[in-house]
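After this come two complexes, each holding subunit A, first together with subunit B and then together with subunit C.
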Partner chain A sequence: MTDKKLSQDQNFFLRILKKQIFIPISALLVLMLFNLIADPTFFRVELGISSLGYPVLKGNLITILDNASELVILSIGMTLVTAASGGQDISVGATIALAGSVVLRILCGTDTLTDHIHAPIIVAFLACVLVAMLFGAFNGVLVAYFKLQPMVATLILFTAGRSIAAWINNNTLPNNTDPRVGYYGNFFPGIAVPSPILIAILFMIVTALVMRFTKLSLFTQAVGINAESSRLNGINPQLIKFMTYVILGFCVAVAGFIKVSRLSTINYSVIAKDIEMDAILAVALGGNALSGGKFSISSSIVGAYVIQFLTITLYRFEVPAAALPAYKAIVVIILVVLSAPVVRKKFAELKKNFTAKEAN
Partner chain B sequence: MQDDVILRLEGICKEFPGVKALSNVQFTLHKGEIHALMGENGAGKSTLIKVLTGVYQKDAGSIYMDGMPVTINSTQDAQKSGISTVYQEITLCPNLTVAENMYIGRTNEMTTNWRKMNAGAKQLLDSLQIPASPTQQLGDCSIAVQQMVAIARAVDMDCKVLILDEPTSSLDESEVEKLFKLMTDLKARGVGIIFVTHFLDQVYSVCDRITVLRDGTFVGDYLISELPRVQLVSKMMGKELDSFDDIKQEEIADTIDRKSAPVFEATGLSSAAGVNPYDFTIRRGEVNGFTGLLGSGRSESVRAIYGADKVTGGRVMMDGKEIKIKKPIDAMKQGIGYLPEDRKHDGIIGDLSVKDNIILALQVMKGMFKPISKADAEKFADEYIKLLGIKTASADTPIKSLSGGNQQKCILARWLLTNPVYLILDEPTRGIDVGTKLEIQKLVLKLATEGKSVTFISSEIDEMLHVCKRLIVMRDRHVVGELTGEDLTQTKIMSTIAGGEKK
Partner chain C sequence: MKIKKTLAILFSLSLGIAAFTGCSTAGSGSGAGSDAQNQPAENSASDGNAGGDNTSSGELIKVGIINNDPNESGYRNANDKDMKAMFTEENGYEAQFAYSLKNEEQIAAAQKYIQDEVDYLLISAAGTSGWDSVLKDAQSQGIKVILFDRTIDADESLYEASIVSDMAKEGETAVNWLASQNLDEYNIVHIQGVVGSSAQIGRTGALDAKAKSEANWNIVTQQTAEWSAETAQQIVQSVIDAGTKFNVIYAENDDMAKGAVAALDKANIKHGVGQDVIVMGFDCNMWALEELLKKNWNYDGQCNPFQASYIDEIIKNLENGKKPANKVVIMEEKGFDAETITQADVDQYGI
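Right after this comes the complex of A and B.
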């Protein structure tokens, strides 16, 4: 009887250690602890005044949550694409530039600088969604039906996306100073929490509902693990792969819309630069296999927050901007190695031996 | 007899989380003998082999080579001690030449002396009478020859112990003959061979001794002459087995419904996989089968029925109504289930749980937007785990960690759950132990009494005779005959396959 209980305890430890979310969560906790020791005021959240004159929440934590929003949204789509197609979409940065350009083109009309919107914001948003999903579909067709390597297929838009974005606005950098444009990337009047946080939370809730009320995750995983088996069980693997790229397109649209709204303008050559790499990193940090198959969206989301937390922490320690990527790389390599299946297995074994010894 | 022991294992234990895979197992191999390692799925054969070859590390026990204790912690250690393994799936490189495959990873020099390598390979191939040229690409050889090349490689590495892990499961009979001849030659050279297989016939035609494992424990070590087949089977199962004839008697009841329209009827069906147009009918409550040699097109024929390959022609009727089956989902919606031949590549979704694997087909039929509730899924999984006796730690265990027979039962459960009217089973018993085989056969007959139709394919003619009422015989991708009633005998089938008259 005691034996059984013991092995249950052991199993409990093992289960926690084996949980995919364990590594990103512990990374987040370590980062938090580190900041707390270095500067106990790090987590202080206070009321400030927004540019529109409303009281709003300010603090490091808020900044992290706020700035991570686009990455979180992208990491959800990237996780699905990775799971189904066993590859990643490297064009998301470029398609954000594209989708963002469409938003401003519609809001500004042909003006470069304007203080009122030329069309309702919802129209601009829907157009942005449509365009981003179309480009997602383009990637999806190349990957699912033409069976190109995802990285090669998305390299096309990675290369061309920002040029097309420039062309949409005739090579100008349009700026729309209508305050309503900025609501979605800053604050809604009267609401103290930054809008991107709210949008990200809403996005996560919708994702959770979709995962709960459809079998998207089962189908995606089945296709990612064994496409031929899935086909013989009546799933259409091509359609599933295609769908994940279209879903990522939607994520790109929302992320792009927030990005544009933050500044009310767009610089298509630098907006969301290298965000695709961070999104892929978030998926990897979450312990998801980049070769596809089983996945955990929540782990990717935590991974995305870890990346943002790390960036802000480094800023706080006044790491020069030029040296930032190098520091980031060091931390990332530790995390990725720790979350590698080989290392996780080794850890689980160590833990098992440890508990076994303790029991003796 | 004691002196010529080359390999001795004593008190081997190996535990995986939650499962005791081996406990206190012993094994003795003599010089120049072929020793069969037998046991049901999950008896611990593979684990023992993997311990011996250094893939797994044993928890306890000792290994002696020529009386000296050896430690084997990696596959390199095993090779250095003179233990070589040829696995069921070829682990060589198909895009290299035969000679390259034989010497790859074994030379210390920076450069390769191609001429010397090819000459050495040729000599070895000739001496073992393997029909392959050193400069031929390995991928162009038949599976049997590839396996022989793998053996030649092992022999050339001065192996004293050769492990053959189910080498014959993808070979046809003449190829098996060739392989056996090679094994006998090696035996004469003093190599000790451990032979893992499911085929009783093969054990009795080539082996000298048998070691039986059951549930991870050692049952016994017998001389082949002292252990009749029935006893071997009962030792493997741990109980007296119902004789194979039992099934024949149950089958006497005629379950075929001849009055109503056939459940499935195809005329001139052909597919892109190279099946020539053929006609096919199956009635309610009927069990029929496709037979023929490997590559005769029997699997491709049933795949055409299910729409697994692109259908290129023919008309299909179900219950007298014309329908179209273009892809698997169309067939599933008509109530057709298909258990594919290649379990690993076409059947299981390896990383998913047993539960998800079982509900998959039903879920797909319901569609993505109507999920089976968690409670229902668990109920279904538990029900079928119990019904089919699937041995798994829990319903949430990844299916890939189950033994082959239990994986097969999960796939079977997947289709039974969809409540099909017509079930196609392509080699459902391949690589499965005798007990499970019998269970599956009985299940098929039970389905027939419930009014379902089953098409059953097996490489073992015995088995086909037990379950099928009608056999469709194929040769070279043509249907060459149909046998029923009195004609259902081994000899008649053999002569039809070999070149019987067309009907």
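Right after this comes the complex of A and C.
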């Protein structure tokens, strides 16, 4: 009886160890523990008053969740693209600049500095979604129908995107001081939780529903594992690949909209700089194979939070500016190696051998 | 099957071409690029016809201008507009423009201008090294070189003049202003630009020196936001979350100051004239000076992008056989205080 229970327990642990989400979650826990030891008040969340006089939540945890929002949204789309096409979209940073530029072009008209919006915000948002999805479709066509390497296909927008973004606004850096523009990147009046967190949660719920009630997840996986056999089974692999890029386009639009709303302005050369690398990193940290196939969106999401947690932790420990990338790189290398599918498999085998020996 | 393949290749080729022409039209639409790409073509066409009737365009001074990409920043944008406004036919110039953030592309453009036999070569170099041989070529052809905005590592004899900002002096002006505020204690959040850029080195150096020499000056946080407003916002937010006390934000450009202020606003920390936290920025963007007018910020240091009039004067003098007295011309740069700034200042100095 006890023997059976023991082996069940072991099975349980084995199963957890094997789970893809295990590594990013344990990384998150280690980071939390690290911060908690250094500063016991790290996780304190307080209710403060914003400069507009509304109650708002404050604290490290809120800051991390808040600033990770765009990356979380992007990592969802990036996971799908990775799974279906076995490659990554490196143009997301540039297309965020594009989407953000569209938002401000519509809200500011041709004024560089204005204190009122020239069109309803929903119009600006829809236009930015349309544009970002069009550029996503452009990438998708190149990858799915012209069979270009994803990284090569998206290199076009990676290089051209920020220039096009500048062109949309006639090379000016528009600035809209209407308070309504800032609601989506800061706080809605009267709501204490930062809006990006709410948007990210909403996004996750919608993604979960789509995955639950459509065959998208299954089809994406099938195409990623073997496009030819999925075609023989009646799936159109090109369409699926194309769709994942369009979906990523939508993610880019939402992320770009939040980014612009945070400061009500844009700087084409630095907005969302290097975010494509962080998004790909989130997918890798989540233990997803970057060559496509099986995937776990929730792991990527946790991966995205780990990255932001790491950034804030490094700020907290006042790592000198010049050494910051080096510290980040060390942690990232450890995590990526640990979560690589090959290493995980090896670990699982070791564990199996160990338990088998013990049983004997 | 074969036909399908060739068709696919044809399609991808045409798409590729479409994509690239797309890029170039985008570039030319970006205002700056337009002249860069169209003008050389026009000029070479007119050169072709020129052969005989050199007299009509002979009075214009031919200048080749090599600059960084105007999209880089508001500063560069203002700089480019200023150059474009000055070097026109009305002012007696025939100008060609080339833009790149890459040194080798700039050097290639310079070689092309030397072949075109321009009279003057104006260069804002992307990188400091690698210019020697091309400048020697220019010198042997009798082309005079004037550097603006950025210096290069080459012998002084290779160029006529160099018109630059003194970043260290910008930093000193700002730090002296801060010292004149006579606070009991200075707890400074210092947000740096890209580490190693001349603006960062100059603006950081002045503050570091002062903080070392004064007992009541503490830099509580020193971190790079790489000129990005979002990163600056995150840094200041984490400083606030940590409960660190500070009363000065010293941001090395306007964007980062704006990001820092966004974080202060979120935490309901009062900033500006007569408030809890002093906000300092650099570059004098139009919107930043308006923040000064509204007394939300305290100080903004100028980084003067208007070099065209200096260059014009030097060229006019050289044409009359007068060499500039000093090879290195340092531009006048101001620092604005929110208590004394006027609307006229905003209109004149805002970029």
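Keep in mind that, in the parts below, the second predicted complex is superposed on the first by the 340 of 360 C-alpha atoms of A that agree within 3 Å, B and C clash if a C-alpha of one lies under 4 Å from a C-alpha of the other, contacts with A are read in each partner's own complex, and residues count from 1 in each chain.
Simple rule for what comes next: contacts are C-beta pairs under 8 Å (C-beta built on N, C-alpha and C of every residue); 3 or more make two chains touch, one makes a residue touch a chain.
Because the structure is a prediction, the values reported are computed rather than measured.
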Partner chain(s) touched by A:180 [first = subunit B, second = subunit C, both, neither]: neither
First, second, both or neither for A:236, with subunit B first and subunit C second: first
Partner with the higher number of touched subunit A residues, subunit C or subunit B: C
Touching both subunit C and subunit B, counted on subunit A across the two superposed complexes: none
Complex contact set, residues of subunit A against subunit C: 39, 41, 48-51, 56, 58-60, 63, 67, 112-113, 141-142, 146, 148, 156, 159-160, 162-164, 166-167, 170-173, 175, 186-187, 259, 262-263, 265, 267-271, 273, 311-312, 315-316, 318, 320-322, 324
Contacting residues of subunit A [partner subunit B, same complex]: 11, 14, 213-216, 218-219, 221-222, 225-226, 228-236, 293-294, 352
Residue ranges of subunit C in contact with subunit A within the complex: 8, 11-12, 15, 19, 22-23, 26-27, 29-32, 70-74, 77, 192, 195, 221-224, 226-230, 233-235, 237-243, 255, 258-259, 262, 264-268, 270, 285-287, 290
In the complex with subunit A, residue positions of subunit B that touch it: 17, 306, 308, 327-329, 332, 338, 340, 345-352, 356, 360-361, 363-365, 368-369, 371-372, 414
